[in-house]
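To keep things simple, chains are lettered A, B, C and D as they appear, and every chain counts its residues starting from 1.
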Amino acid sequence: MSTPTDAVPHGLQAIPTDTVNLADYARHAQARMDTGAWAYLQGGAGDELTLDANVRAWQDLQLLPRVLRRTAGGHTRSQLFGRTLAHPLILAPVAYQQLAHPEGEMDTALAAAAQEAGFVLSTQASTRLEDIGDAVAADDLRGPLWMQLYLQPDRAFTKALVHRAEAAGFDAIVLTVDAPTSGVRDRERRAGFRLPPGISAVNLSGMAPPPAREVPPENGHGSALFDELLHHAPTWDDVAWLRAQTRRPILLKGVLHPDDARQALSLGVDGLIVSNHGGRTLDTVLPTARALPRIADAVGSDMPLLVDGGIRRGTDVLKALALGARAVLIGRPCVHALATAGALGVAHCIRLLRDELEVAMALTGCATLADIHRDIIDTP
Amino acid sequence: MSTPTDAVPHGLQAIPTDTVNLADYARHAQARMDTGAWAYLQGGAGDELTLDANVRAWQDLQLLPRVLRRTAGGHTRSQLFGRTLAHPLILAPVAYQQLAHPEGEMDTALAAAAQEAGFVLSTQASTRLEDIGDAVAADDLRGPLWMQLYLQPDRAFTKALVHRAEAAGFDAIVLTVDAPTSGVRDRERRAGFRLPPGISAVNLSGMAPPPAREVPPENGHGSALFDELLHHAPTWDDVAWLRAQTRRPILLKGVLHPDDARQALSLGVDGLIVSNHGGRTLDTVLPTARALPRIADAVGSDMPLLVDGGIRRGTDVLKALALGARAVLIGRPCVHALATAGALGVAHCIRLLRDELEVAMALTGCATLADIHRDIIDTP
Amino acid sequence: MSTPTDAVPHGLQAIPTDTVNLADYARHAQARMDTGAWAYLQGGAGDELTLDANVRAWQDLQLLPRVLRRTAGGHTRSQLFGRTLAHPLILAPVAYQQLAHPEGEMDTALAAAAQEAGFVLSTQASTRLEDIGDAVAADDLRGPLWMQLYLQPDRAFTKALVHRAEAAGFDAIVLTVDAPTSGVRDRERRAGFRLPPGISAVNLSGMAPPPAREVPPENGHGSALFDELLHHAPTWDDVAWLRAQTRRPILLKGVLHPDDARQALSLGVDGLIVSNHGGRTLDTVLPTARALPRIADAVGSDMPLLVDGGIRRGTDVLKALALGARAVLIGRPCVHALATAGALGVAHCIRLLRDELEVAMALTGCATLADIHRDIIDTP
Amino acid sequence: MSTPTDAVPHGLQAIPTDTVNLADYARHAQARMDTGAWAYLQGGAGDELTLDANVRAWQDLQLLPRVLRRTAGGHTRSQLFGRTLAHPLILAPVAYQQLAHPEGEMDTALAAAAQEAGFVLSTQASTRLEDIGDAVAADDLRGPLWMQLYLQPDRAFTKALVHRAEAAGFDAIVLTVDAPTSGVRDRERRAGFRLPPGISAVNLSGMAPPPAREVPPENGHGSALFDELLHHAPTWDDVAWLRAQTRRPILLKGVLHPDDARQALSLGVDGLIVSNHGGRTLDTVLPTARALPRIADAVGSDMPLLVDGGIRRGTDVLKALALGARAVLIGRPCVHALATAGALGVAHCIRLLRDELEVAMALTGCATLADIHRDIIDTP
């Protein structure tokens, strides 16, 4: 775990005593973070309706527990891509984590490893992927270590990035498919957020800018989006291309429609992350708690499914597993914990959630993840 | 675009820097407008339940996006009544726009043309229709330029008004059918709103008042509404009459019932605007987002449908198109922008909404309007 | 209409200028009335959930208007028990109206007659029924004049009361059947409300108290309710008894179950008032807007139905008529108007609601009450 | 009833005059209790969603009353396990009641007996069960006197505890099955609640701590919950064991799933308490008002059902009976009353609820508990 040094401002390393759940970390982080950085981290697209709906959709699912089952000796272990997971918690890719804490992704990754949680490094991380790999990859007890990929206009650079991740010990590639363009993030825009000096997407350093495009004349005033930016957006062809670049498992992050899930399966994709990007891209999109069971019905028996978005409680994790997820990704809460108390906070945050999951399993009569079936959720 | 002059008070021409969406313009306009004028513009009928329900009904529709589709080179163009629309945004008819800004409808119309948006002039405009025609009609890139019509007690005057609009270059006539009488607008009544000196329905100038009617004796205390005012309300016979007065396309604005839509089709009406008058006439009426798909099922393949009411986001526009609309009308938000920053504000408001629409298309995998189908909206 | 005199405190006779709807009268009345009297008038049973649900149930019904229908020459007239009603508004029986204004029921009755509205006098009125009859019964234009009846323990007194009402010119008897005991009205109890000196149920004056009952020994601590009070509660046998006492129409007030409606019909009852006593007896009971259509399906073609509870807008009246009511009863709002501005206020309150009804009819395309069908309400 | 002594602080024995319902007692108790003790008593699991949902689920059930039925001479008596109950109210087991009042469970039990209500003593009571038995068991008019049981790691001690309860005159054993571990009670944790000196689970005094367990090596960091605590959690085998230890009726408390209800029946269990532990164990679990009718459909004709959770009004009790319960348990409200005014408060609290139940019966046309059928609840 990260060793606190004199460079870390006082107060970034101790867990406030009134911290008993993930919402407490959100409160503490807001008090500690710069207004602009908070708006960037916390804000969602548009009116933030999906941001709220994600949380509420898990809450609204009602549990129908079983009693008096033997749960002694139970555990939260499972297998995923040939690896044993101590529990189904994985830290989601979040960009520029140095906005929250000077140690940024390094603290998060170390805390994840210490807590046997998975970790996904963002393409837009503020820490070099090789540094993360050096610190974590060789840890036997660590959870999955994955590299999140935004396909870059420069395909050669993209390919090199994948190979760098492989070389650094990352187990799998997570291709984000739900953000061909940025969402309309009004909170962030109103705050006038800009990355502060010294924080950048260091893993993209040296990449050439895309060549300028000629706009066809019939387009009138034209559209910077359709005429330029979207020419770099990934398509199914790029998924096939990526499949040819690596033998590591590939997961698509951001799939919500069952037909897209089937298409991914047919192209040799290894897993899916049911996600709406934490409500940060398109507002009023379906909450993931409602999309997950449909994807599970379509391809759940043929490929591992994961899910993120609004998971704040052990009961949420339990419900996600009941609806077909093999593991869940946690985004904002762990960055809140990072901002509050560095690696110590992140580790504590993971532990809180894992403890809540175990309690929820015990109280619904589930000794192992395999015992968690859809029928523990009430259907009105 | 309108040239700011010394006559325009300082502060009516600059866009406040924190303006990132249409709600921001509402906030700014309320701070700038006279209390009475604001009550008139913003208020709805009764308890304003429909006013709120209109907005919420679009929000409550949840999107189910597709990923990894090729959207590069996409656009928002379509054809309507033989004209190419750069995008499906049309400014709704709003009366007395000089209440919001000294340049009133002139600024709005110029901004619309500059942004290739459509524009509908109200019968109760505070600017002469010929002036609007002179300024805008010949613009090649402009969107639709339509004249909204309240049928007047004096049918000869009404006929002349239609012919004046034709002569001034208006492309079509929009007959409002959902306001045979004013709604019960309590906010406006409580504010004691009266039109200030110098602002009037200039296009109705010189019209003779209707002759007094004799009330039949059995009516007891009688009813000013049933015994007098409603004798001037339009009926289906008047639609047939209007059809005979002009060869321009006629649209009916304010249709909510499928049977009325079929009746309009049978009388040679060219298009419909599904509308509840922005919640200003009858409170607790069906929100337009719920009426639209039913009208589309009834006549959507036989005549163009448009819709207004509560559209505040690009996602709302996308949903309207998915439910069968060919274009949408924007009312209050553009007047908010007018009150805030004149033509510049209106142009910016249109651009914000168009940008949001493009982002929503990209994020749901729709390259063109023809790709927007009803199945991008989740059916629970 | 009541002539203001020096005895009426200043401020009880002028309508505040900002009064544009019934909610305004509630606000004004609360400011004018004694806290205890307000708690008595306004409070509902228990947590007042039905009190609120009544209002919301009308609001939640969404209108689906028709356009371009000919409504000129329309009206709100109808026939009820052989009498022409100018409009379908009737003032509900409300006890002790002198709590709201020194002139009490007299002002209310005069205002109702002046506005051609119906009036129902409460058994617990603070004004003699003969005085009301003298002032109003002979008015040709007045609406229905009915006497509300709580069956009294002393059946002979009850019979005499009915005959006094007949002699005083009351047209019908309204037997309340939903209050065999008082509700649990916590707001009133917490306020410690007691009738002030000088205000009493003058029409019950001289009635003998019921004889004490012997409680059977197996009842342990016993129950004042079951062992004493409920022995005086009306039963279906009493309805048959009442039927034998008068040839005037009898209405039952407080029926919510279709089977009870059928039973009433079979006993020769002439009409029903679908009511939950304005949410004052049993909390969490079905809102009347939801009970009405079921009663209408059961007996609506065989006997006139009326409804009360939560009607605050012309659209509410329209919906009640659409769901099968022949007229509606208005309770608290008219007493609010009485407290605010005496007879003038009550008359204004009735006029406001009638105007709203006419506007709602015009805006849904209904020229007469007979044109108001259930299909103007949207069924989701 | 407990005799107030000098040892009872002033203010703990008088009922505040504004106390008219159970919510008033909650308000008064919060003002009187220590912050930590209040958090312990009042708090629920997680985000307290089930805590709120329990209350709302009863409220949301709408009553459809019958009128004009003969209810005179009615009563609230019933038979349960061979005993006549004066009414169906039973005080739920609540631990450590001396936190609320120096007399704790003694006052509660005496007040229950005085009001002919049932009483369930918690395993974690702060008063000796023999003292309760001495004070209450011989009372002829008292309601059921039951002992709640948490199965203890030391089965011999558990067996002795059961036999002590039998010897002390307790009529039945209530085995709690929904708390194999404590819930995640954040409010309590944030308050840092600890039992104050002098208050303890006196009936567990002298019990040996469980022996330490060896954690199997494959468990990595391990889980205190799965590897240790849950080895002491009760299973169906323990129910069979308990069945063999006593001939008194056994009830299981905390059953929500129909299959678990059937299993209990097959093992000779005598009754069930449908409960989610007052929202204190697992958050977002099904409210008991929704679980009850399903359990009733499964086993309601074969064994008595009781229910608790969120019952605050006589109408709630009525609904519980209508959905299949033979009696209801009241938890927090009676402790609120205890904290407010000792035994006097508890007695008053029971009386308030019983009076409300009688009024609700009268107003729905039910003379006896046997008249309360499911059809008095509206099915939308």
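Definition applied: a contact is a pair of C-beta atoms (placed from the backbone, for glycine too) under 8 Å apart; a residue touches a chain by one contact, two chains touch by 3 or more.
Small disclaimer: the values here were computed from a predicted structure and weren't measured.
Rotation angle, subunit B onto subunit C, C-alpha superposition: 90 degrees, expressed as a multiple of 5. At the interface between subunit A and subunit D, under half of the residue numbers involved are used by both copies, so each side presents largely different positions.
If you average the CA atoms of subunit A and of subunit B, the two centres end up 43 Å from each other. Put simply, the C-alpha centre of subunit B and that of subunit D have 60 angstrom between them.
Chain pairs that touch one another are A-B, A-D, B-C, C-D.
By the touch criterion given at the top, residues 46-47, 49, 53, 177-184, 186, 189-190, 216, 219-221, 223, 225-227, 230-231, 233-236, 238-239, 252, 254-257, 259-260, 263, 281-287, 290-291 of subunit A touch subunit B in their complex. Contact residues of subunit A toward subunit D in the complex are 18, 20-21, 23-24, 59, 61-76, 86, 116, 141, 313-315, 355-356, 358-360, 362-364, 367, 378.
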